[in-house]
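After this come two complexes, each holding chain A, first together with chain B and then together with chain C.
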Partner chain A sequence: MSVVAHLPHRTLSLADEEASSPPAMELTGRRRMSAAERSLAETIYQEFRADPRHEEFVLGCLNCGECTTGCPAARFYDFSPREMLQIAANGDATTLWDALQEKIWSCCQCYTCNMRCRFGNDIAGIISVMRELSVRHGVESTRRTLAPFGRSLTLLMTVGTQVSSDMIQPDFFRDWGPFATGSDKAWDVSPEIMRKAIPIDVLQTTRSAWEVSVQTSLELFRIYEETGVLDMLRGLDPDLTEMLVDIIEERREEFREARETHRARLETMRGPVATFQG
Partner chain B sequence: MNPVLVLGGGPAGLSAAAELASLGAPALLVEKENYLGGNPKRWHYSLLAPDLKPAEEVLGELLRKVEGNPRVETRLETTVTQVEPAGKGFRVSLRTRETLETREVGACILATGFDHFDSRRKYEYGYGRYPDVLDFKELEGMIHDDRILRPSDGAVPKRIAWILCVGSRDLQVGNTWCCRMGCAVSIKQAVEIRQKHPEIDAYVYYMDIRTYGLWEDLYWKSMQQYGVKFIRGRIGQITMAEGGKRLVATGEDTILSRPTEVPFDMIVLASGMEPGHGTQEAAKLFHLPVGPEGFLTPKVADINPVDSGIPGLYLAGAATGPKAIPDSVTEGMGAALRAFQYARD
Partner chain C sequence: MLSASEIRKVMEERTQHQKGTGKKVVDVREEMERLEEKGELLIHRIRPENRPVPMQTLFGWTKRIPTDRLWHHKSCGQCGNIPGYPSALLWIMNETGRTYLNEPHQTSCTAWNYHGTATSNPVALAAVAARNFHRAYETDHFPLIHCGTSFGDYKEMRKLLVENADVRHKVRAILRKMGRDLVLPEEIVHYSEWVQAMAPEIVARKKFDLGPVVATVHEPCHYYKMIPEDAIYDDRVYGGQRPAVPTGILLALGARVADYSTWYDCCGFGFRHILSEREFSRSFANLRKIRPMVEEAHADVAITSDTGCVTTLDKSQWIGKAHGQAYMLPVLADVQLAALAMGAHPYKIVQVHWHAAPVDRLLEKMGIDGAAAKAEFLEYLQALKSGRAPELLHTPHEEIEQYFAINKGQVLPEEGTGASPPTTEPPAGVGRALP
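Let's turn to the complex of A and B:
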């Protein structure tokens, strides 16, 4: 059965709306944290500082801001890689918690900040560590942030890509390549063209683009199980995880059936054969 | 007494040669270029920070002590190609384009200096591609001649930016050290321009302002009296706008935490100091250890900054690290004294 049929189509429920309405503010302008949030924030902070990647990625900062200069997200959102690195290097549980709420999801993981950083920090890397922690701990805002991306996530997890080769056509990516040369014109692309560049619907993509071989899918699933990605996702979105597990089981069953068929065919041709355990 | 070889005719070397002469010792001053005065002369430095004294005046005083001095033998366009021990001192081969000559010297002073960082290596600033992006050593010459004009069209710029730490404090180009004088010299340039042309706006983009010690006064005055504007944050890239008529500097104002994009008529890069070509050659010639930065290293830097650790071989000036002219002159004097003591007995 095709993966596409499993793709979730969700809208935000009323409960989600309520959860996202702004709670009372503290005098500082910060959202007030509940006791549970405080304790979760502290746990996440401790794990963050204990992560061996923290020491490796965060070296120090001269506050030069060159990371932010190159950052595409910083042009459009209240987001600064420098701020993220400062939080990673000098922040506390509360500032980290605040960053997890929204800002870390503005990053598009293009790693331009790393390329620009004169101190040798891995800024995009430490942001991805923050993301990982907020997913693993099922932070509520992360759940909300990622909800619209269930479709992309399912595709990524099951076939390994969400962009198929035939989606990449010049007309749909006018903001790329030859249409956007001329250094001061890089962002001067009309809204219509930008809109066209966003494949909100699947556009002209054929379904067959996502039909990958069973072996490929099985290898992906094995990686997710071994690296704990599935467990991580379970904390964030149990429904999606269950669906993925169903798909995994289905494809494994497909593989077993195919193997049986193949063996039966071999046996009819040249007698009993040994079976390799896949 | 055999002469003392002074390698390099910049402020440190001139000071060493002058000092040796005043001690009554013969000095052999070898310079690879065809003039004395080193980088300040080469790039026509204008006023020197922090006292805003003309470079010509400072250098002139040193040159007067050396040129025409019977105890100083000056050899221009000459390099040392070979060196070997000879008695207590050294036997050195002096090569010019035409001649090769062997001389015995009682001691050596390496005052081989620095080179300015080649700003083309920070490709994102477009130095070498955009005519209106200058290195600050080039602006020195323009200020010196009082011709502050855009190279592209000869117009008077309305707004100039300085970018500090170009090729300094930057792992990307491998230079992690501070050049010590970029802040002061840039601010001095901004002050000089504002003094003569108050209609030109001056912006300085910085990470930290390191006008250390008494130089801080220059920094304060640049704001109090001359209205130089300081923005914390580095420019990450320079692009062209208005059909190539203006430069646009993109960066982050890290105090306001906001990206900035400002058009400028001219942008000046404060390029750092690197171990000079002569310094690298001298390290090879004398088999001297260099630090991780590539500068020569004194044996005991805190007690005797001019002693190389090899008997009879002394170091002075920016060969051992970024240095301002007064420090180089002081070290030249120290090295001269040590070399004199060594070669005398």
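Let's turn to the complex of A and C:
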């Protein structure tokens, strides 16, 4: 009974908790939050609960644990989809904030939990909502978690493919073994020749998964601008975002020049190719 | 793990619970028809020239799989580091006389951005899906989705666009700014469904026997765990209790498909994990997937039908040597194995050299002379080094297509002015046999 009495509970307000700072909380791993963090945690929590997807994705939970039983991440991380769902359904700003620090990034987004849940909760979906909020508000731990993905993000934002063969560098992927990049060193053939040996012309590049036309990448960037993705990314990494804007501006210029070069041919066509201005 | 019967029950219960009104699971295609009548969207319909083959989905609904005149929605992971995956598919289409367009005017679904790093949102994902759908529509080729995640994402986005008027209106407004409109395909079709629909024609062209080969199947999560009602099932495959793909083509080709205890587990890809937390991906792949496949099922090959699964199961094995787990079980996509059985060149077409686990023993079991094929390929590489033009599966694209998604003129022609310039050459991106 005395142990239970000292366990952290969720009935106090954030300010009360911070003021009392019960030793039991710190012993159980509860982190202390700065005033700025507390304020951000409250904002995120309010937005989380107001998101229309919350009502749609979080339907109820008996704590049966079916979701966690089938969860790949639960086998290797301090992570449980059941816990994430409980936080989504019954948590407060502090528990949500704690989850944002690390746990939400353990999820594999395999949807096994969704498939096993008798209540029909969209657990993978509600974790994505938590992640979105964390990115949008530039939560520091999220910045660190996503720091290695600058190259993938650049590719996805500018040409819409997330992988290129030149990303698979042998030094970084040593655990993948000597054949990870598509050739044996003894073959003495460059990566460019290995790509040329693929019998599909648009795949014969090392810089993206396939060659993407300029119009297509400009249309994609228009989507990112119109849907707030660019602003979202700006909150996470302003430098990267400015670099992306520069890259796209160059591609717009390239597109305008190409319109002049190919004017005669384009005038015979209609549809997006003729109306899209970049 | 849940069988198809259990999944149906869960889905019915959850739908009732979501609405609290005893509502039944609904077929999104019916609502699409109503929205088209109201002028809110267009349906990209499967037509006779698409030569559809009927299949059954989870609830017994008919899903027509188009087999001809297809628009390749490529996968970034496949094209980036498993290029034999798309080339095997295009090769089979050429061999079976199917037409297609393979263009540079396509983005990926960008769902990696969402499921991996959360740097997107549903409206953006839906707009990207709709942009690619419209591009396929204006070329009058039906979209065929290569990637399992893209397939799952596009099923979700189609449902979202149908059920959520706000998202639909926002997406339509964005599309109109780029001269496009909201078009949803009658069916979201995964390439493995095409392979299943083409099984009789593939088997008819079989040159190598799969009889001695024991295959284990990894069922890609995003094929059947996202929008489960849209996966195809067949009573002849696991009694209809697991998805029909990719197992169906293996059975049709005569392989011995062996079961293992963790068939339902994910591969360990995890999106960001495969790049930045590979200790998780490789541990999960080796311990939960590859080890049971080898020790329980004594597999000669692991077959799957999604980008991340081939990557994770294949590339994670080499490091297993450090723990005395040198399984090195070959991992291929269904379509790669089918192409090999049909006599495709293991290196030039199936590009097996991009796989970390060697396939030599598998080729030997199938009766394919892998050593001779490798020698021929090495010679070909040297010829490429010397400046020889590469062999291609389809006509190359024009220079103008580096910039513009030129209208092929099939659906939106400039009436009376000739949208497509007259030409005697087949359009770029249309399949042809290798010399």
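Note that the second predicted complex is superposed on the first by the 189 of 278 C-alpha atoms of A that agree within 3 Å, B and C clash if a C-alpha of one lies under 4 Å from a C-alpha of the other, contacts with A are read in each partner's own complex, and residues count from 1 in each chain.
Going forward, a contact is a pair of C-beta atoms (placed from the backbone, for glycine too) under 8 Å apart; a residue touches a chain by one contact, two chains touch by 3 or more.
Predicted model only: the values in this text are computed from it and were never measured.
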Chain B versus chain C as contact partner of A:119, first or second or both or neither: both
Contacts of A:211 with chain B and chain C, given as first, second, both or neither: second
Partner chain(s) touched by A:148 [first = chain B, second = chain C, both, neither]: second
First (chain B), second (chain C), both or neither touched by A:83: first
Which partner, chain B or chain C, touches more chain A residues: C
Touching partner for A:62 - first (chain B), second (chain C), both, neither: first
Which of chain B and chain C A:109 touches, first, second, both or neither: second
Which superposed partner A:70 touches (first chain B, second chain C, both, neither): both
Chain B/chain C common contact set on chain A: 70, 75, 116-120, 183-184
Of chain A, residues touching chain B in the complex: 62-66, 68-70, 74-75, 80, 82-83, 116-120, 183-184
Touching residues (chain side chain B, partner chain A) in the complex: 165, 169-172, 207-208, 232-237, 239-241, 248, 250-254, 257, 259
Chain A-facing residues of chain C, complex: 1-2, 7, 10-11, 13-15, 17-18, 74-81, 83, 86-87, 90-91, 102-108, 110, 112-124, 127-128, 131, 134-135, 138, 152, 170, 174, 177-180, 221-222, 225-226, 228, 264-266, 268-273, 275-276, 278, 280, 282-284, 288, 315-319, 348-349, 351, 353-356, 358, 377-378, 380-381, 384-385, 390-394, 396-397, 400-407, 409, 412, 414, 417-421, 434
Chain A to chain C touching residues, read off their complex: 53, 56, 59-60, 70, 72-73, 75-77, 105, 107-112, 114-120, 128, 131-132, 134-135, 145-146, 148-149, 152-153, 156, 159-165, 167-168, 173, 175-180, 182-184, 187, 189, 193-204, 208-217, 219-220, 222-224, 226-229, 232-233, 236, 254-255, 258, 262, 265-266, 268-276
